[in-house]
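What follows is a single structure, written as structure tokens, with notes after it.
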Amino acid sequence: MVSEIRNETGTQKLIGYVIEVGHIDGTARCWLDLDARHLNRHNVLHGGVATMLLDSASGAAGSLTVDDTGKAPFLTVSLTTQFVASGLPGRVTAVGRVTGGGRSLKYITAELHHEDGTLIATSTGVFKRVPQEKLT
Amino acid sequence: MVSEIRNETGTQKLIGYVIEVGHIDGTARCWLDLDARHLNRHNVLHGGVATMLLDSASGAAGSLTVDDTGKAPFLTVSLTTQFVASGLPGRVTAVGRVTGGGRSLKYITAELHHEDGTLIATSTGVFKRVPQEKLT
Amino acid sequence: MVSEIRNETGTQKLIGYVIEVGHIDGTARCWLDLDARHLNRHNVLHGGVATMLLDSASGAAGSLTVDDTGKAPFLTVSLTTQFVASGLPGRVTAVGRVTGGGRSLKYITAELHHEDGTLIATSTGVFKRVPQEKLT
Amino acid sequence: MVSEIRNETGTQKLIGYVIEVGHIDGTARCWLDLDARHLNRHNVLHGGVATMLLDSASGAAGSLTVDDTGKAPFLTVSLTTQFVASGLPGRVTAVGRVTGGGRSLKYITAELHHEDGTLIATSTGVFKRVPQEKLT
């Protein structure tokens, strides 16, 4: 069953994106309805916002390898983003998938699509599970 | 003479970062005073915000190869960010430098430091000058 | 019809990899039968050799957007490789796919699998068509 | 005192590069005298070979954080290379530097220069120390 994570952090509140977990294909998703606050000076999706969505979907995909809440904390070690096409106003959705890794490090890719089907950006990254002893 | 670019885009207004050009070393800078809106669930600088600062400083560094306004438009083709250390509240500043490239494509690196001297993140990216005919 | 490109460059002769074009799915492939010359001190596939295979399959995939020889020249602008798992002796094959781009720049991803099905490494890169005037 | 590592692995023998440790600035270096075996079809340094040199210098720089032999084993987790300029025949040297990280993961950058001073390529990567228990 799909569940949404909203307003979990200061940045998530500021930007307004929504994380979804519980999809039957095991992916984590992160979507945002674009408005003027998310655009750059070319009036298309700001690359920094696109990266934030890819990063969030990837981190949540990592979390799903721990439990199904999507909230087990993962840190981004490194992230590479390819800006394939402009993102016009509308809903954009990043989908994250784990491609490999061990207990601590995970390799995670994500794709950001516009609701009209356009591939806007892709990312590949290395993510690290936050050790439990660091959380107390 | 150092000049500041503020509130130029919707995203810049939303996040609140400031771009500086005119530094004697030819770099472009992008700084932000971190508050709760810029933090993740670990209460450190959100990776997406860090990337936005690195990307903005890099793009402005590219612009400085065209003229000294820092506003000649450059698009990010790809960007790799390494998240070296946590960013605690305080002022963080990204410094972008062009390392090579031709007339259209530029290779640009950036470093994000906390005001206490900590290196928080680094990036390397490929940027592309927006052709003038696309701007009219 | 699948055709092979062998011994085209000094490096290809040295390493011994084979490029394949003409696959019905439009991908370009690059394979190598691993022996001691391709291994690192852990006796698994050397990361540099893995990158070479991913890069070659990606470049050939770019070439296939020009014509079906797989030889139209493309330069690698930037390449990110994720080393997902160790590559044991046996045949490894990189498969490259174009994910987007315009006339000059292409975004190309590749995956390197061992013949036993293991995903060894993935890459994403930006490639640039070599202008014809530079070739004469 | 500078010491050289030669012919340590099958790949190093095949390609012919030399690793140097013991430089007073704490960097690790990896150099190669380019000949026809290292060139691509444009008769410049093959991107895969350039990446191998950057990767080797980076790994050795990681090793120097353990002891001064430069041989403590590190694995490449991910590596991003920017191909800034063509590498013409002559000696090319990669210099690796650790920019941060903890006990297990290191962030390492490298630059590859031609002996004439040209910057040919740069890389940033994540490297992981091979746990001792895996070495026995």
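In order of appearance the chains are A, B, C and D, and numbering begins at 1 in each one.
Basically, a residue touches a chain if its C-beta (ideal position, glycine included) is under 8 Å from a C-beta of that chain, and two chains touch if they have at least 3 such contacts.
The shown structure was predicted, so the numbers you read here are calculated from the model rather than taken from an experiment.
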item: Target subunit D, source subunit B, minimum contact steps; value: 1
item: Reference subunit C; chain at largest CA-centroid distance; value: B
item: Of A-C and B-C, whichever chain pair has more C-beta contact pairs; value: A-C
item: Subunit B and subunit C: spacing of chain centres that average the CA atoms, whole Å; value: 32
item: Subunit A and subunit B: spacing of chain centres that average the CA atoms, whole Å; value: 21
item: Whole-Å gap separating subunit A and subunit C, where each centre is the average of the chain's CA atoms; value: 28
item: Residues of subunit A engaged with two or more neighbouring chains; value: 77-78, 80, 82, 107, 124, 126
item: Subunit B partner contacts - residues on subunit D that touch it in the complex; value: 80, 82, 84-85, 99-101, 107, 109, 119, 122, 124, 126
item: Subunit D - residues contacting subunit A, complex; value: 77-78, 80, 105, 107, 124, 126, 128
item: Residue ranges of subunit B touching subunit A (in the complex, touch as defined); value: 8-11, 13-15, 35-42, 46-49, 51-53, 55-56, 73, 75-83, 130
